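In the two complexes below, chain A is the common chain; its partner is chain B in one and chain C in the other.
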Partner chain A sequence: MAAVATCGSVAASTGSAVATASKSNVTSFQRRGPRASVTNDSGPRLVSIAGTRPSVRNGQLLVSTGLPALDQLLGGGLAVGTVLLIEEDKYNIYSPLLFKYFLAEGIVNGHTLLVASAKEDPANILQELPAPLLDDKCKKEFDEDVYNHKTPESNIKMKIAWRYQLLPKMEIGPVSSSRFGHYYDASKRMPQELIEASNWHGFFLPEKISSTLKVEPCSLTPGYTKLLQFIQNIIYEEGFDGSNPQKKQRNILRIGIQNLGSPLWGDDICCAENGGNSHSLTKFLYVLRGLLRTSLSACIITMPTHLIQNKAIIARVTTLSDVVVGLESFIGSERETNPLYKDYHGLIHIRQIPRLNNLICDESDVKDLAFKLKRKLFTIEVDFIS
Partner chain B sequence: MFVELNNLLNTTPDRAEQGKLTLLCDAKTDGSFLVHHFLSFYLKANCKVCFVALIQSFSHYSIVGQKLGVSLTMARERGQLVFLEGLKSAVDVVFQAQKEPHPLQFLREANAGNLKPLFEFVREALKPVDSGEARWTYPVLLVDDLSVLLSLGMGAVAVLDFIHYCRATVCWELKASILYLMQGNMVVLVHDSGDAEDEENDILLNGLSHQSHLILRAEGLATGFCRDVHGQLRILWRRPSQPAVHRDQSFTYQYKIQDKSVSFFAKGMSPAVL
Partner chain C sequence: MLDSLLALGGLVLLRDSVEWEGRSLLKALVKKSALCGEQVHILGCEVSEEEFREGFDSDINNRLVYHDFFRDPLNWSKTEEAFPGGPLGALRAMCKRTDPVPVTIALDSLSWLLLRLPCTTLCQVLHAVSHQDSCPGDSSSVGKVSVLGLLHEELHGPGPVGALSSLAQTEVTLGGTMGQASAHILCRRPRQRPTDQTQWFSILPDFSLDLQEGPSVESQPYSDPHIPPVSKNAKVDPTTHLTFNLHLSKKEREARDSLILPFQFSSEKQQALLRPRPGQATSHIFYEPDAYDDLDQEDPDDDLDI
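Right, the complex of A and B next:
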């Protein structure tokens, strides 16, 4: 049975996933055989896309979020075709970091990027991406960090760090190769040649909103409508959904949308409780979900949910997103001076994990997680205090 | 379908009640396992099913259906299942102008008043075919989930009207001059937003609760996350025609979802605890 892929080797599960793909409608949850290509092939070929791996549970294709710690909490990675929603922290200091890690992971793996922002020019965002850590340096970093912690919890912390240490040891070679999940140095910038070698598309709202593209009537705010059309255009033109007969794409499209829902996008849910556009954001998320589910893409969205006045909208947005992660930084709160929290910069809440193609999901047992920006690395650890 | 849930509900695919509206509700947890249960239950009962799947793709239900023993692709091919994939249709509606009215036409309009095109789609899908022999036992409408329609700009009243029209069609129908009783079933899923103060959702949920014959409410545990007990299921039968003593029966069970089944046990009697 194609669906029984809970155990068995990785190759077996991908084989079964591809087998179902060739029979049914093509979606992003399964590795597609070359349906669009010449039918001389006897069967679907197992094409491996860089930077992806199948999930151990059901063979679903996963991409790394750029933070191996977050990948583990999400059950291996972010599934292709889904949305990762980051609820921004209050002063928007740490959520751009997660956003940039996601994009940097895309560049290192050779994925195509689509960066959308209403605040910053996407070219500037790409200039500020963190530099990937190479193998030998990475191992040295971890050794130093592990020895620095002499607290009683160090046994557990070392266990978590030990799992991280496994990753660098297993693959040796250049950074942009077959490894899943890389580490980044937040204090250094991504080398210019890597950025220039990558294929990326930018959507900067102030530029696009002034151009007179033909806008289909859609009842969303104009910014969202333009963004949806842009995304749909890229997906179709570059063949990520397999419907373009001229283009056969074997790559992942990583979409990053920054500060969605903020007033800069023309939406008023952060300003008024019952504005006129209260359904614009949820409609956008629904159509975006439709676009993602039928293409080889993954999306990260950061949203200032702490500013949304109407709590019902937050609940609806959560239902329409797949993975929801909330960041709560300690800056400005009483926890900043609390001696119990002195090692950490904030709490990270995994609010929702999707159940895709399955009745169950890989929920982590631990719900109290804290993060810190430790010198150069962003780490997530179990918070034993609360 | 989950055999244990069938035992709790006292039904089997062979002798299920007809003409009923079942409301599935989830609060603080994911109640989608109930949707998978009813989908496989009615497909095994040889019913004609119209599934309005607004929140997930076809392959998701298909893969889970295979674990539960039904093949959605085959059911669709032989005409037993009419599947409206909301996500894919939404992309078609929004990006391409449609010539004839599309079930999700309201996505293109700023102030869509009603869900009439969607109702027409359902009615067309569940219309009895004049082939002479009765292939399917009775029609079933399954909607997953109704709260999404609220997120897409429809008002609670419009959604309640849609359900009302569907009930009138699916549960009873007049056909030309012959009174033709279809006696179908309906199963809908609505999220309970709890303390999120979603008034529209509350109106929808309360309105449907009063109309339904059976309410299955999946709740997260009040004490929080637990590895061995995923939640609590409250089953409420509403039989308006019975005398008051037998009218509303309510049972509560706790459950744990496994890979291919769900196990139910009485509160506090989880095998992990005993």
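Right, the complex of A and C next:
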């Protein structure tokens, strides 16, 4: 992908810097000296971007989704230039949490944020981000949580089925020196100074669209058009696509779009099965993916797929996104009273993982995953029951 | 909980059906909020103004602000009284309030609006009206807004009803048995689990609400009324009706714990294998030759001349 090539994901800092275009030298090796004279150097920058790391499988540049457990399921993280689609649970309780973790991770790493919503003001969304857990306190709290949670039966070493003890545990405790993937405390708010120090752009649909426009069939709804223009402007002005030669450090743009496809965006796929604008959402995703692939950005979208009436649209939306994760909460279903599921709050389904520059995708071996929202942490565990 | 429906604000959906009508509950809630001193606006689209005001006392009637869209919905008579822009214009105008007084807007009915207006526009306007007070900065300046919408669920497909219920703060589904009306109230607070309750009630002739005990008043973890429930009180216990015994007595447990498993290489086992067996009787093989057995002791390979 173009984005990976330009940003030079392999950060090899050797003694002698390698310059690709040298005008008068015979060799291409140059002594690393003061490069003040070189203004528009054509050599690749060897500085890596904060909060990213190359994938160990295929060298793709990855960013963290804010949940280290989810990063592990996706093969290390979310690739830069891709879309993470979250299918909302029925009462929209857990998907905003994943959305906020993604944005909070951006703030902690110093990335630029773009938050788009038709329901809530983006400034309010940013006020409600969870606070990051600092290294020294979090390990103590995490151990305490684990201790309180352990039941007496689980302390007995397994004698007959002892091979199961060798299975890798999904849950990893906070690593003290992790700069990729942080843990967040959902009960506390992010400190105000961190939010103010970050660079963010908000898109609140009722403010941008004030008049009722006539929409011709087979075109994008005005809300989507405005959002795409906004995203394109930000990418161009701030140079995420390499258009403005950046003198300052390169950075990642994290885009978060909430409740895409709901009637508040002006899209009627949730209201009618064969509405007039049934291609609006799919066109939006197509154009969005084109914008993302040519810039250093990653996007999270939450979508109420349980409300979409036409199932064919859900299939198309899944194909047009890169990573698709579905959340199914147990609230209101008969599983809530089932004692087998009493430890968990819902199931998490990884519906699609992309194959980027690869023939196979990095699937994890376990497919039955359940999540629970503990007092402070959102954990994803292997569900041994089903 | 039925009497504190309007305390939360936001959009309240009253879903009724042919058997259990909801207009009387709507009027009872309107009366209650008028008596509390709130500003009450009615968008009357489905029934005439006289029919709606019937049964209310004169002081309540004086407090209601009635916008009549029943007599002339398309504004053909072009009089001054009609609200410009129709019901949607009326709702949009209510978005721009600045009073600190709490307001209740009753839509009679939301079904009428849903059948004539595009669902997305209606959802956007309802969201804008019901969420005016959600800005944390200036919450003191604008009073709480409650929008009561009467929705006849049999008129619409699952799409619009699902879209509206995802926007609603509270959803009241009317039902009942044997002449006793009940309201199943589902309350969705943002970022919290939805809670629900079933309340039996009846409406008195002067449109005041009479809460009753009814067959049962349950308050339980939420179960969707549209999914047929597994018997509510029985928890699924997987250990019943088994053909084998899952429980161990104390003696059995001790015996099990002291058992050495075959693949476990404990020290006793190691010693037993290393120690030469002292004076163990060698084993014998007893063989009775059969009639067909060839007992030739010679090796047949001796003939080979190698």
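Couple of notes before you dig in:
Rule of thumb we're sticking to: the second predicted complex is superposed on the first by the 299 of 386 C-alpha atoms of A that agree within 3 Å, B and C clash if a C-alpha of one lies under 4 Å from a C-alpha of the other, contacts with A are read in each partner's own complex, and residues count from 1 in each chain.
Quick note on the criterion: a residue touches a chain if its C-beta (ideal position, glycine included) is under 8 Å from a C-beta of that chain, and two chains touch if they have at least 3 such contacts.
This structure is a prediction, so every number in the text was calculated from the model and none was measured.
Of the two partner chains placed around the shared chain by superposition, chain B is the only one that A:360 touches, whereas chain C remains out of contact.
Contacts of A:373 after superposition: neither chain B nor chain C is touched.
Within the superposed three-chain model, A:92 lies in touch with chain C and out of touch with chain B [touch as defined at top]. In the superposition on chain A, A:219 makes contact with chain B only, while chain C stays out of contact range.
Of the two partner chains, chain C is the only one touched by A:334; chain B is not. Look at A:195: by the touch rule set out above, it reaches neither chain B nor chain C. When both complexes are overlaid on chain A, the residue A:287 reaches chain B alone and has no touch with chain C.
Looking at the shared chain after the overlay, A:267 reaches chain C, while chain B stays out of its contact range. For chain A in complex with chain C, the residues that touch the partner chain are 91-93, 96, 118-121, 124, 127, 159-160, 206, 212, 262-268, 270-273, 304, 306-307, 309, 331-334, 336-340.
Listing the residues of chain C that touch chain A in their complex gives 118-121, 123-124, 127-128, 134-136, 157-160, 162-163, 166-167, 188, 191-194, 221-224, 227, 229-230, 235-238, 261. On the chain B side of its complex with chain A, the touching residues are 30, 32-33, 36, 55-60, 62-64, 66-67, 73, 86-88, 90-91, 94-95, 97, 107-111, 147-148, 150-153, 191, 193, 196-201, 224-225, 227, 257-260, 262. If you check the complex, the residues on chain A that touch chain B are 1-4, 6, 20, 23-25, 27, 29-30, 58, 216-219, 228-229, 232, 279, 282-283, 286-287, 289-291, 293-294, 311-312, 314-316, 319-320, 355-360, 363, 365, 367.
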